[in-house]
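All chains are identified by letter, namely A, B, C and D, in their written order; residue positions are counted from 1 within each chain.
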């Protein structure tokens, strides 16, 4: 359903950008997992507004509270409800939204679909909705770490606008990603990216770019044939994030320029196990993980909300112009890195539980 | 679940490439829809092997039979079971598969995941599995046409290997797509593509490329905020097709090189209705259709099965080489066009029913 | 999933009896429904502890707060999060529960299933969990009333222990049900029931009984053939309530003593429409509503928690005795009436939306 | 959805009583399970018409064919499609059904819901639909037996019309159940039941009764708190069977006449494990199995189809009479025993896989 994700490790997010707050209910979390707010807050802090001078200055602490499902420091196996209040909503900045549809935003489609919309903010299309996902993913990551101690989920900004970076997916570390505000592990490129974002913001404009992700220490056998292929569920997960326009796995779009002989990943025996000598498959074959690192990429468009004036129409059907007020990210990617990680963790934990369920007979 | 797709118009596909046959059960189809095998067969014929000299020569008639859910020419509202027997399976061509994992195919991952696999063919990872989807989509298309008479779903090959085409998405027609074996409406490019496919096949190699799709006559309001965004469900649908490596909607990856001001689609009033003057959004904003044509693109890798010898390992863990026998497509794209159409129709009909359900109060 | 109910009008409840509070997220609610806390509070008040001298004296106001999904008095079509804090939890009354399993309660099974449990209260097995259902049902009732203005959902206590009542399901009214603390519309029986409950409580014991329900003004055509028959979904809904042991629809268990000729409901034309002359079917035939009033009955066991000493075992495997402290209902039925209504409304609204979705082609 | 059952071990049934046949697709079955048609046929034979002189004389072999999902004698983990053709349909016996609604049958509700119906038989409301469930349950039983070697699912006729039986649920055996045509293990009562059924058939009438069921060797911990309680899912499963009117678990309706002290099941240590000294809970506490035998009962109404003339109306709204032709069971219970077993197995295997998935962390 619209606000549910997952089959076994299942989350329901709720909340608008301008209302009492946002939250998530996690159903199906394994019992006996040590869990407290301290496990969740770090990822929320990495996601929150105001964390650096290249993101929106909206001042939200995004402090989470676990309302259920945890008892004396461990999960009960019952639903975990996590709540994050909104504290710095400024609905007055949105007064024009009542009558003007913001171009390439969801105002017009929400109004058309529902016949009503919360015009005092972005409603459910706001990036604030992702708080619930990020909070849930912190729990998912803890489960994954217990199931697969070697697992490591990493995402980073690989391009902002036309500024490319040089990053080796095989060796990139969380520390290098977190070493700068734009979350690009290539320090030289990061500097240029930050400058670009500041410049574009000063022009009342915005930029997009690419986020790359990898998962190392992947177990073999996650993902289902046919509809719930691992890459299909990852694609859905990523395209469900605000501002995304594209997804590719392994060789992706560029791989279509190769022949089969060039593209196929030959097998070899390495350290006593079956491995591929290349990884154009991106760690997935036939929809199922093969134990090689997952590799995928997500395209984010430039932020729709800009302060430059744009042509639009009003709810009463008149042509007009609009220059957004309010506080917005000139570039969503630095914060979206955490969202990409989050959706990856949610997909993986769900598939891990599904595989565990079905693979129940002795081998 | 693995072999189920859709929430309300829900399909379950079954069958392996080398078994009694393949099929689909459709649950939730509206009652009173005129339906017979004649409605389904044309799309199966467009999908089937042996239809031209650039696809696999496997000789399957792919004749469908409706086993339930239809009475005196109309649907009953109860499950529609559609069956297509396999008639030209040649398991003997697969004897090496018992012991050798085909590179970049699903042999190794199926074996690892399940501890068993049908090595007498591709099992569920075979493109034969898509028969059920294509059959179901023929029903979906009939429902869509009754709900939205202007709707038109079109997909076509836009690039094979490095051979680009020139196609105007706004004016492309089904007739032009079907006018040649490669299903590229640019006749000049099509000729080159066909030549390339024949050449690459003669070398025992394979190629991939891109399929573009558009949906015209789209209703406003399909798609859900958050997880079941229309583009997210389309991304999942496309990445669930065999051999896909990427998906982009609207401006896609290229759009990330624009600024917000360049990228946003301004609104205007046209013919008395709200429209955008450009369509970089690809017909979806905030996850919900805005009435502009849907525009998206899918990347297909070169066919994994090639007859050139490749390095691989055996089920007993020894390094070896393998040169595939059997009959295979040197390029999956001409037939995949029908699969892209099919998955599009299945996503849209499901979202149409979902929107109809929720939008039940008077406006 | 465990804490989700419904296909289209879908609820997720969360919360334990002794934690921060309880709540529900409703996904799929139609947009533009007028809604405020005032619509929800009355049913919560009818459900809450401390409302009369025959229920638990636990003092909870059960004041609800809508955290999302409503804007300026109408629903947005996005998730509605409703929160009710716990204010009078007294975990100290449960200290023995840490080591002693209460007979016929869920302590042992939760401990066995999860390897952990919240022993400071009933956890998810507490009747407090039903707050979320009741809150969601108030929303469901409003939707149903707009879709089917004649609809009327009524439930009442028809027997406490061995005290039978005389109630005519065809004419019973909400006013007569609400006219006394036990919610039995037969005033004479009600008096005896109240006396029995007080007496049994004074003995440190408990009683159960029967709740009957009817739905008048039913639309024809709700319910699905096969698994999601209306009575099957009602049966599940009722057996998901705490302390329930049985369900019957229409003639129920007694109907098995009739022959087919005696049992069948003949058709007639009444007021120009097809009706049955009797209603042993209970308003459902072949799983689908036939427009006659729904009629069903639910059996509730005597409350498991009693203050008389009982034999039990400890978590360390020793035999022991236990006399419950804490505040408990000597009889759950007066408050369960509201829960039966609630689950009925949730089943009906979901089936109404499902039918609306599938029945989309012109008749 | 309407024709889907289960979360992880998921079945989709299809087919009408008068069409090409009926079938089922099982998704989520564990791989490596030895399986062939010989495992499935015995249960189909126990369910099929014509097996004795007290059931319908319709002559169906009900021979099943596995079309997918099994390779060289073991399951692949992919969907298992099972098909059973209809061979003895006689649509001519149903000609009056085109215009006359059979009382207490599904003709009127299907016509109203769908605006169309297959009047050449019972459509999806026919007991033939249960073939798919019984076939799937044979697979489920094999999985359960491997997971819980001690498990034993037994159902039997405990009452026909007003003829009671004396059966000890703790010691009843499959052999004693199968020792007579009515499937009542009390030989004396069985004789009277058979005589009653023959007599009532000779009168053109029908009878109903009760089926009791038990599951021994139950694992502890199956079932979920709140909505998917084990008894709630069993209640739904049973009420989804044709002709059912009621369900009770453990002490059921009779238990409501006891006080809490009389009703509660005290704990003791027996053979080193926690057990209850009585089993009024029916093996389930708080929705979760406690390791004691499951005990429940299902009420089946007298068969709706009788050959005595009854008052009804026609599709054109005129009052009329109808005397059914065609071949029908004068009493569904002897065959329904197999259906009750089947649904029990399907509920248990699904919950077993769910529990296995969630309970993934070390204890």
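The rule is simple: a contact is a pair of C-beta atoms (placed from the backbone, for glycine too) under 8 Å apart; a residue touches a chain by one contact, two chains touch by 3 or more.
All values derive from a computational prediction rather than experimental measurement.
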Farthest chain relative to chain A (centres taken as mean CA coordinates): D
Pair joined by more contacting C-beta pairs (B-D or B-C): B-D
Chain C and chain D, separation of their C-alpha mean positions in angstrom: 26
Chain B and chain D, separation of their C-alpha mean positions in angstrom: 39
Mean-CA-position distance for chain C and chain B (Å): 45
Junction residues of chain D - those touching two or more other chains: 1-4, 7-8, 13, 28, 31-32, 77-78, 113-115, 123-124, 225, 359, 363
Residues on chain A engaged by chain C in the complex (per definition of touch): 1-4, 8, 10, 12-16, 19-23, 25, 27-28, 31-32, 65, 67-69, 71, 74-81, 83, 113-118, 120, 123-124
Residue ranges of chain C in contact with chain B within the complex: 7-8, 28-33, 77-78, 143, 146-147, 225, 352-354, 356-363
Chain D residues touching chain C - in the complex, by the definition given at the top: 1-5, 7, 13, 101, 103-106, 108-110, 112-115, 123-125, 129, 159, 161-162, 200, 205-210, 220-221, 223-229, 231-240, 244-253, 255-269, 272, 274, 276-277, 280-282, 284-291, 299-306, 308, 310-313, 317-319, 355, 359, 363
